[in-house]
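Below you'll find the structure I mean.
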Amino acid sequence: MTKLRVLVWGENVHEHTNPAVHAHYPEGMHHTIAGGIREALPDAMVSTATLQEPDHGLTDERLKATDVLTWWGHKAHGEVSDAVVERVRQRVLEGMGLIVLHSAHYSKVFKALMGTTCSLKWREATDKERLWNILPSHPISQGIGEYFEIPAEEMYGEPFGIPTPDELIFISWFTGGEVFRSGATWRRGHGRVFYFRPGHETYPTYHHAQVKRVIANAVTWARPTVSIPDSCPNAAALEPLPSRLTS
Amino acid sequence: MTKLRVLVWGENVHEHTNPAVHAHYPEGMHHTIAGGIREALPDAMVSTATLQEPDHGLTDERLKATDVLTWWGHKAHGEVSDAVVERVRQRVLEGMGLIVLHSAHYSKVFKALMGTTCSLKWREATDKERLWNILPSHPISQGIGEYFEIPAEEMYGEPFGIPTPDELIFISWFTGGEVFRSGATWRRGHGRVFYFRPGHETYPTYHHAQVKRVIANAVTWARPTVSIPDSCPNAAALEPLPSRLTS
Amino acid sequence: MTKLRVLVWGENVHEHTNPAVHAHYPEGMHHTIAGGIREALPDAMVSTATLQEPDHGLTDERLKATDVLTWWGHKAHGEVSDAVVERVRQRVLEGMGLIVLHSAHYSKVFKALMGTTCSLKWREATDKERLWNILPSHPISQGIGEYFEIPAEEMYGEPFGIPTPDELIFISWFTGGEVFRSGATWRRGHGRVFYFRPGHETYPTYHHAQVKRVIANAVTWARPTVSIPDSCPNAAALEPLPSRLTS
Amino acid sequence: MTKLRVLVWGENVHEHTNPAVHAHYPEGMHHTIAGGIREALPDAMVSTATLQEPDHGLTDERLKATDVLTWWGHKAHGEVSDAVVERVRQRVLEGMGLIVLHSAHYSKVFKALMGTTCSLKWREATDKERLWNILPSHPISQGIGEYFEIPAEEMYGEPFGIPTPDELIFISWFTGGEVFRSGATWRRGHGRVFYFRPGHETYPTYHHAQVKRVIANAVTWARPTVSIPDSCPNAAALEPLPSRLTS
């Protein structure tokens, strides 16, 4: 099997403006996320790209050479160009995997693939999050156990404005009384999409062992099986047709 | 219960340029579709709108006063303004029902709600179509029987580039050897979407008794239960939180 | 529309052996549940049946005259006869609605329709339950609001051994740290099944306004659209077949 | 990775009573099916078992040592013991994969896992079957192309009495005018189930290259990820509970 090519995309803004974020992620969140994947999948080819690069680092060539893309963004969703969003969406529909992280629920890419609001409740406070593994046979939840806890995280609460997931893997419990569908999958075209809730920038979440494990599992799971460009062909009949219309 | 307010939207182009279409639909396809709904649902308030009207007849006020919108378009998808598309999409997410007819699989509205290519195979020839009712308990297939036939229709074939439907109601058999998921539903936000395959402009399909029945059933089924505007609120905790973060 | 015929089935054991249960439900849990439905749906014909009656009150005639059956059982699942279970299962597959309450997750009827373990975690302690409404447009969650609370209930926790629901309506939060898919629907044959979690016998849950509302909504939603007996017919061809096999 | 252990179960009756079946499958259908899997998956350990063996060859030990079970039966479904059916069902719920072939739609095992009638239309005549691949990114449809044809097969037609599949992979077109959901998957507990339509005993279907490919793909896809026995535990709270109930 050829090596899995993973591209970790980061908005890369908070790290430079908020000292608390910088403290957790001095090299940028994308580097921490990429490091976690490299650690779990030493055979994978893992690279990074950011908003600030030309084409946000997501040229046609780069995307064609990507099997699975992970996406984290928060405050600069609006700065992502519509052309790049459409390019990413089309690559997913052709077969590329996409892992959507935390506040990227509001990214243009995720919203374009879901078609819905992707809205939710939120609170930055002192909640603990406990993620229950409700699909322990799924490749994404291997090695996770019945549940895992994140001592401090932003709260996201239902209702979450998404289409019904094809598979619901994690449901979160929060101290403050809310629940959330925290890990969910959808096929979109020939590609696979996984949304994973944890990862607010002011917490060290992407250093958490089980968060890293889930992301690495998801990257493996989302590996493309095919790459099929879009077409809407005029198709000849496979069986004899009557010579003229029945009236 | 208040009266169901149905708005039948038509592209209204072929009727004026193709004599074969004009022959079947001298008043326009939208009028025939609207007439079928009125016949089946005499208590409903059924009106029409077309591409050529200001805002394509789909102002905010008009959409707010609409419970269920039906959409037929084909050659002029590109002429529908993006602002109107976004307005319609938001109304569906708030709760309005949407019935997507035939070549409107490629309408901007349907593609925006699905997030996928919505592509398919097609052929204009001499196929017969037989629609099998695979969900006879569904409100949309009431009164339809095990199957029904359309003596002549354009062929649409799989693969159809849609997300997995929430409910698959009809599968079509075509003389030329193809099959197609011809009737399917999706929830999108608080609204319900039904795609129904038949209805190529050069055939008298919207005069067909069972096609009219399915559309009227679908309009009834798609009636809104709620109207909830989008929001992404900061939510106070419902349970006591610790005064400071656990480290 | 003819009157909706609802049959409320109760195991009717705890009420006679446990004073705490008797205190909440002096006439039996089934009478309280039936009373809640009558209050919300004054036009419905609501009757009751219990384990102790001949055929547990579920003869062929009775089931044929039932549109929607609600089922509560706990300690006497094993005393329900297999013949009655099969009779109920077949009526659901023909079109009858079934509302499965709380500990009936382990009833023979629910297990036979699901095919899975239907197991879960549980705890009788001092938990509060908060049910989040994640599908506010569903007929079953009308009038419920964003969430509702039950001050004291038995805890049920994930993983819940069910097939993926067709629709997930409620997710519960418990004080002790668990979550649960508390309201879920499945089509089975031509019938509709709703599982609703609350209702441990030692709490006054079936007197709770929103619990009563959900059950009444579910009964209305589960109303049959058809009644189709099982068959596996030899079917003549609808199109010409070749006179002999292609080799 | 350890070797995949596949067990091919065959009813093994028609082969001994019908010369036409014997001619296609002189060693028994199960040996032909097993041979096709061995050919595609040379590293797998593939064995067979039949109805006539003690416990039908499906003892606890044998099933515990099985990763994926394939099942073909037709005229002797009623001779399969209920104890063995329950044993197989439990192993699937624990994680074992199950591939259900053709007339095994009516096997006790499949019906127990689905909970529904599993009925369908059928015809033994001169139909051609064309299976359309509607999910080309699925592991089961790799290498299959847009469709494949079986020159002569028994017809199975809709409606098919199954729960909505988690994934619908193939839809069949038949000469005589019917369609059928011919390849579909369901999770049941921790196990994966695939139903595959082709394979009437009087045709050489299990010698067909693409049929063999689909079965081998399915066997690989259904490999267990976990083996989790059923339990319904009393669970201690993970968070502090109030000392007494709120009234």
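So that you can tell them apart, the chains are marked A, B, C and D in the order they are listed, and the count of residues begins at 1 in each.
Here is the rule we use: contacts are C-beta pairs under 8 Å (C-beta built on N, C-alpha and C of every residue); 3 or more make two chains touch, one makes a residue touch a chain.
Being a predicted model, the structure only gives us computed values, none of them experimental.
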Other chains in touch with both subunit A and subunit D: B, C
Chain pair, A-B or A-C, that carries the greater number of C-beta contacts: A-B
Rounded Å distance, subunit B centre to subunit C centre (Cα mean): 33
Approximate Å spacing (C-alpha centroids) for the pair subunit A, subunit C: 36
Interchain centroid distance [CA atoms averaged], subunit A/subunit B, Å: 30
Contacts with two or more other chains, residues of subunit A listed in rising order: 130, 135-136, 157, 164, 166, 175, 177-178, 187, 189, 238-239
Residue ranges of subunit C in contact with subunit D within the complex: 89, 93, 106, 112-117, 119-123, 125-128, 151-152, 155, 157, 161, 163-164, 166, 175-178, 186-189, 230-239, 241-247
Subunit D residues touching subunit A - in the complex, by the definition given at the top: 95, 130, 135-139, 142, 166, 175, 187, 189-192, 224-226, 228, 238-239
Touching residues on subunit D, where the partner in the complex is subunit B: 130, 132-136, 146, 157-160, 164, 167-168, 171-174, 177-179, 181
